Amino acid sequence: MIVKMSRLATAEEVAAVEANLHGWGFKTGKMVGEEITLIGVYGDVSLLPIQELEVMAGVEALIPISRAYKRVAQKGSPGHPIHHTVKIGSVEVGGSELTVISGPCSVESEAQIMEAARMVKEVGGKALRGGVVKYRSSPYSGWEGIGSSSEEALRNGLKLIVKAGREFGLPTVVEILDPADVPVYEDMGVDCFQVGEPNSKNQALLNRLRDTTLPVIHKRGNSLDVEAYLLWVERVMATGKENVILCERGISSCNHYTRNTLDLGGIAAFHYQLSCLPVAVDASHGTGIRDLVHPMTLAGILAGASVVLIEAHPNPLIARSDGFQGLFPEQLRNLVTACQKVWEVRRRVEKLYIPSALLERDYEKRIPGDRKRFFGEG
Amino acid sequence: MIVKMSRLATAEEVAAVEANLHGWGFKTGKMVGEEITLIGVYGDVSLLPIQELEVMAGVEALIPISRAYKRVAQKGSPGHPIHHTVKIGSVEVGGSELTVISGPCSVESEAQIMEAARMVKEVGGKALRGGVVKYRSSPYSGWEGIGSSSEEALRNGLKLIVKAGREFGLPTVVEILDPADVPVYEDMGVDCFQVGEPNSKNQALLNRLRDTTLPVIHKRGNSLDVEAYLLWVERVMATGKENVILCERGISSCNHYTRNTLDLGGIAAFHYQLSCLPVAVDASHGTGIRDLVHPMTLAGILAGASVVLIEAHPNPLIARSDGFQGLFPEQLRNLVTACQKVWEVRRRVEKLYIPSALLERDYEKRIPGDRKRFFGEG
Amino acid sequence: MIVKMSRLATAEEVAAVEANLHGWGFKTGKMVGEEITLIGVYGDVSLLPIQELEVMAGVEALIPISRAYKRVAQKGSPGHPIHHTVKIGSVEVGGSELTVISGPCSVESEAQIMEAARMVKEVGGKALRGGVVKYRSSPYSGWEGIGSSSEEALRNGLKLIVKAGREFGLPTVVEILDPADVPVYEDMGVDCFQVGEPNSKNQALLNRLRDTTLPVIHKRGNSLDVEAYLLWVERVMATGKENVILCERGISSCNHYTRNTLDLGGIAAFHYQLSCLPVAVDASHGTGIRDLVHPMTLAGILAGASVVLIEAHPNPLIARSDGFQGLFPEQLRNLVTACQKVWEVRRRVEKLYIPSALLERDYEKRIPGDRKRFFGEG
Amino acid sequence: MIVKMSRLATAEEVAAVEANLHGWGFKTGKMVGEEITLIGVYGDVSLLPIQELEVMAGVEALIPISRAYKRVAQKGSPGHPIHHTVKIGSVEVGGSELTVISGPCSVESEAQIMEAARMVKEVGGKALRGGVVKYRSSPYSGWEGIGSSSEEALRNGLKLIVKAGREFGLPTVVEILDPADVPVYEDMGVDCFQVGEPNSKNQALLNRLRDTTLPVIHKRGNSLDVEAYLLWVERVMATGKENVILCERGISSCNHYTRNTLDLGGIAAFHYQLSCLPVAVDASHGTGIRDLVHPMTLAGILAGASVVLIEAHPNPLIARSDGFQGLFPEQLRNLVTACQKVWEVRRRVEKLYIPSALLERDYEKRIPGDRKRFFGEG
């Protein structure tokens, strides 16, 4: 944290700010320029009494320099990061096993979701996904999900997927749109909330979810910078909730061939640098093209994902929503087989990963000698 | 190709256009609307005498509907694509082996490039890269490459990298900025031209390169849509040149954490859907962050790359350009080892890939039955 | 609308689809290709019995070709567009006068909002804006608005701005985040809902607002294409609501200098081509830089906005949120004066605007002669 | 400039760096953290002997904090900026008059460019534009400009536009693609070079142009941040060239309705904050839609442009390139009339513009009183 003093601030005002900071247990540094003075604050600034500080005479602005997402942030030390695990039902996510979550875009009927659950179970999936109230970009798409018309419809829709999940031993992941629906989801036995891309910045929904005990998969909004996204996730965790899963599902860019641009570099940044949370890759929405889901899901695992979301349908040609991206059953089976092979290699190649922090000091010491060898400089 | 007739076009004019198309050997279809008539042209429209057609009476516009990048495009049939190989020196690219191309951002001195070449050779790299004239976004960065000041300097710089490459049996890849320099590169024995991102749409340079025999690595411009990029690559191949390699190195997006957004979905589209050319991934420029190069290079291989470009330096802390993204030698060694493991798994999982075209007809046949089962419809 | 028939469709199935379409009162066209048949449907396709059509045997997909946002869309004829007006309290928006809506980012205290209302009234503003529950990207910004902590706080906060508005004869515009709060806003006498950028795709909120009678300012999400945004706005109007105002406030792009990229081309497209609704420009959020609000608000008026949203504060240096973009009172006064001058010139230059549709037929007739003159072609 | 010392730097090394900086005439500040020490350098850092500094023992990095584009940058003081003028032929650009530059996308024949020049002159245009070698995104567009096939064709094409310009007293602006063509353009009497969007980062071309005496219109690349673009422009001016004109013609974004997103906020930033150079707006390429050129050109003038580039054609329906965005002659006439009206109002409203720097100190003084009034704080 940097305290920027006003141009009009007196030396006494600067001294008073420093004294208070010291009194609160912080160390400080100071840079006095021609016009303004900056005071650096060292220590755990989440403990700073911000409101007292910002109204002190002469204080112009507080400039954060360390990351503002404390709970989302990666813990541990270079080469020894601590990654959290999250439970969805009885399934542990983010640990030593890859988690495959699959199912149709939407729950369409009891027969359909039951057959979808059987398909997911047979190929080795660990959880069942399926929407009961659907996002539709057009209000005239006609069908907004089996549970969209009333609370009763919502309860009936949730009942179908929960029943299918329990029949096949799969915990269920269902998207939620309205904060008022939280108790209904809990009551009907859903195992995990999903926050969809259009609601990634829905403050009312995120604030509501942080008071729940069920896990949350929080998808990244398609206009959110990597760190801006983590700040929205931090909102869900701000009061202590820990069971949150990150999910990359594509951002907007100059590219229009794929429906979105799946930012695997974001996944790598989350897993290797920025966050302690498990990371999911959703190549179905991230590409919007059925034939790219296979390679991009696998690539996502190597980028750092330990959870894969895959849309699939017993017959995607008759799916009522997003049918063009849902996999055929044979494709799902082969992709899950491939995922397991890639997960094995990921665990091996991760041991070959050397964070730069482990090497930098050594190479700093070599600088004089290397300068001389390469450039003849002394 | 669709021929859009003007609103004023007479029935005779429409008939004349159809007659000419038939005369040229094309089949046609027609859709007569309230205001305008569209004529569909079936067949290999690259054979159409466009200029004769577009000046015919009543013709308003020619609307392409199939892909405009014929030579770049994927050949073969679903499940049996034909991918080309390209030779860089004696190294075959795009075949059964992964190609690792590595080296420093810039050639800085004879000692430096010689040590870099040794490093690349020792870890199993197949070709040596290094810039002799460098892009610099600021004109005041001071140093624009060892070869930037004159043709003599350019020759001397190229001589250093070619010498280092030959010493260690590595063909050399060097970026070219000015069409006038082509003969100098050829004369000095460079093995492969590289077109950098800032020149991806440099028409004069691309037109000049299509008359060369050396291979070209053509990097994607950071504002280019997947298919727009392929059209620029088609320019290099338009008069028959075949030895061209695609390269994804990051596009611009709403994300600012990484220097660019490495579009691995683009790589998957190139390899699995759109192109017959080998595809390279450059995670060094694509992320701009040393510690993300490892996971993103590996992810790139699973997305579809068969060539990896990796910046590395004997001591990146004293590199004169882009030092923050160049790998330390230990990191390079481990990454190349990991690349080989991932390449092996890629070859296995690729066999599990099922293009939708192989399944669609079968699932179309099931539609009536599935509709009945899921929705009770007849 | 195009009906795409399956490759397996029989001639009888095609004929049955055509017969049904004719029976429903539509004209059709047909294009029979090698593999598939397309049936064009002419007429008001919003009257099509979509669900009956899409389950007919042989039908693969329905492809919309005209715009899917009927109610948002521009009416009238080229050169004679019909633009709607909307009432905010007693203020008519989108008619012959420019509407200036101003106020602070947040209601901070009774004294502050009262002074802000006085400031807005004095410079000629027509409505008062101010947030009572605030979006904050960080959960630790501390302050989330005077009304964020409980329903009672919300009621008290809304009471302050409504009181200030009524004191100075200004209707009030307040952002809403949670669908459950709609009755509270109505009850407290707010005159206009605002949907903020983060909620632009919040389906639950938009669905709830379409059942209200108050006007809605619906801001464009920063990742939404021009037409994708209009589809979300159409959602608010889908069941008959008409009093909606569009608002451009910046999209994400490769540019980082301004906080967002204010897409005035979008405003021009809304006003001159796509929509019947009044359009607002919000250069405060659109640039995020106080010193760019003046030129960009004025530019927005010429692009097509008839409403300007301007953040201002009696002393922005102590504003609790977004202080860096709020105008000083003197800047607001001068900007509103400038807006009036620009509005006058807009009304004059709009008369000089000639839609191409009024000229095209004439120039089509000149083609043969012009071809001969320019190219010597007959 | 900040000098970042290595973690291993000794106190002696820090002192030695400070001593050198003082010896070179700079003032310094210092912030000593737990791990690293930062030294701030005050003064005109363009005079710093960078290369001596960066090799001093203990120096890790030099971090620029002021703008790196000295020559492009705005001069003068807040409220009194100094803007440069540039001459194109005898036409002064960036002064008290608006400059309209118009003409067809391409020179197509002598008759066509002659009639285009007459059209431009009659409506009050000040300079004639027209391409002789054309960018084409597809290599198969067939026609790459009248001058594309050989140097002789280039000379003949340039001769046509120069002749037309001289006939009607209009200096000429022609795009250049290849550095080798510079002497040909000079020899044939072209009055101003244009660097097109695809070449905005073409280092070889920009380096070549800085040794010319003719003015240069340098278009912004569609992936360039506002300040990144100015650094590329700085390259053209780095060795002393002053007659350069900025041009905004659209960037890539999530919006696809318009061909590009015309970033008028960039124009406002250039004119009001960042640069001393005249700024042009090109709404023809910036929107790619004929019917949006009128409002967006006018909006561009209010954003800060003093030059407008408008594509127009005697009959755009037969233009060989970009015909869909070229104006009809009647549209051009009306738009130029409107531009003059808007330019008048721009000059009046610019007097109402108050930079914040003129108000900030005054409002800083009011803070204690305002805090007390609004928040009851002392």
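Letters A, B, C and D name the chains as they come in the text, with residue numbers starting at 1 for each one.
Keep in mind that, in the parts below, a contact is a pair of C-beta atoms (placed from the backbone, for glycine too) under 8 Å apart; a residue touches a chain by one contact, two chains touch by 3 or more.
Given the structure is predicted, the values throughout are model-derived calculations rather than measurements.
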As a test of understanding: of all chains, whose mean C-alpha position lies farthest from that of subunit C? B
Higher-contact pair (C-beta pairs counted), B-D versus A-B: A-B
Round to the nearest whole Å and give the separation of the Cα centres of subunit A and subunit B. 31
If you average the CA atoms of subunit B and of subunit D, how far apart do the two points sit, in angstrom? 30
Scan subunit D for residues touching two or more other chains and write them down. 222-223, 251-254, 256, 364, 371
Subunit B contact footprint on subunit A (complex, rising order): 108-109, 111-112, 115, 222-227, 251-258, 261-266, 268-269, 271-273, 286-287, 289-292, 294-296, 298-304, 314-318, 328, 330-331, 334-335, 337-338, 341-342, 344-345, 348-349, 352-356, 359-360, 363-364, 366-367, 370-371, 373-376
Complex interface listing, subunit D residues touching subunit A: 6-8, 27, 29-34, 38, 40, 42, 55, 57, 222-223, 252-254, 256, 361, 364-365, 368, 371, 377
Sort out for me which residues of subunit D touch subunit B in the complex. 46, 50-51, 68, 135-140, 142, 177-180, 198-199, 201-204, 221-223, 228, 231-232, 234-235, 238, 251-252, 254
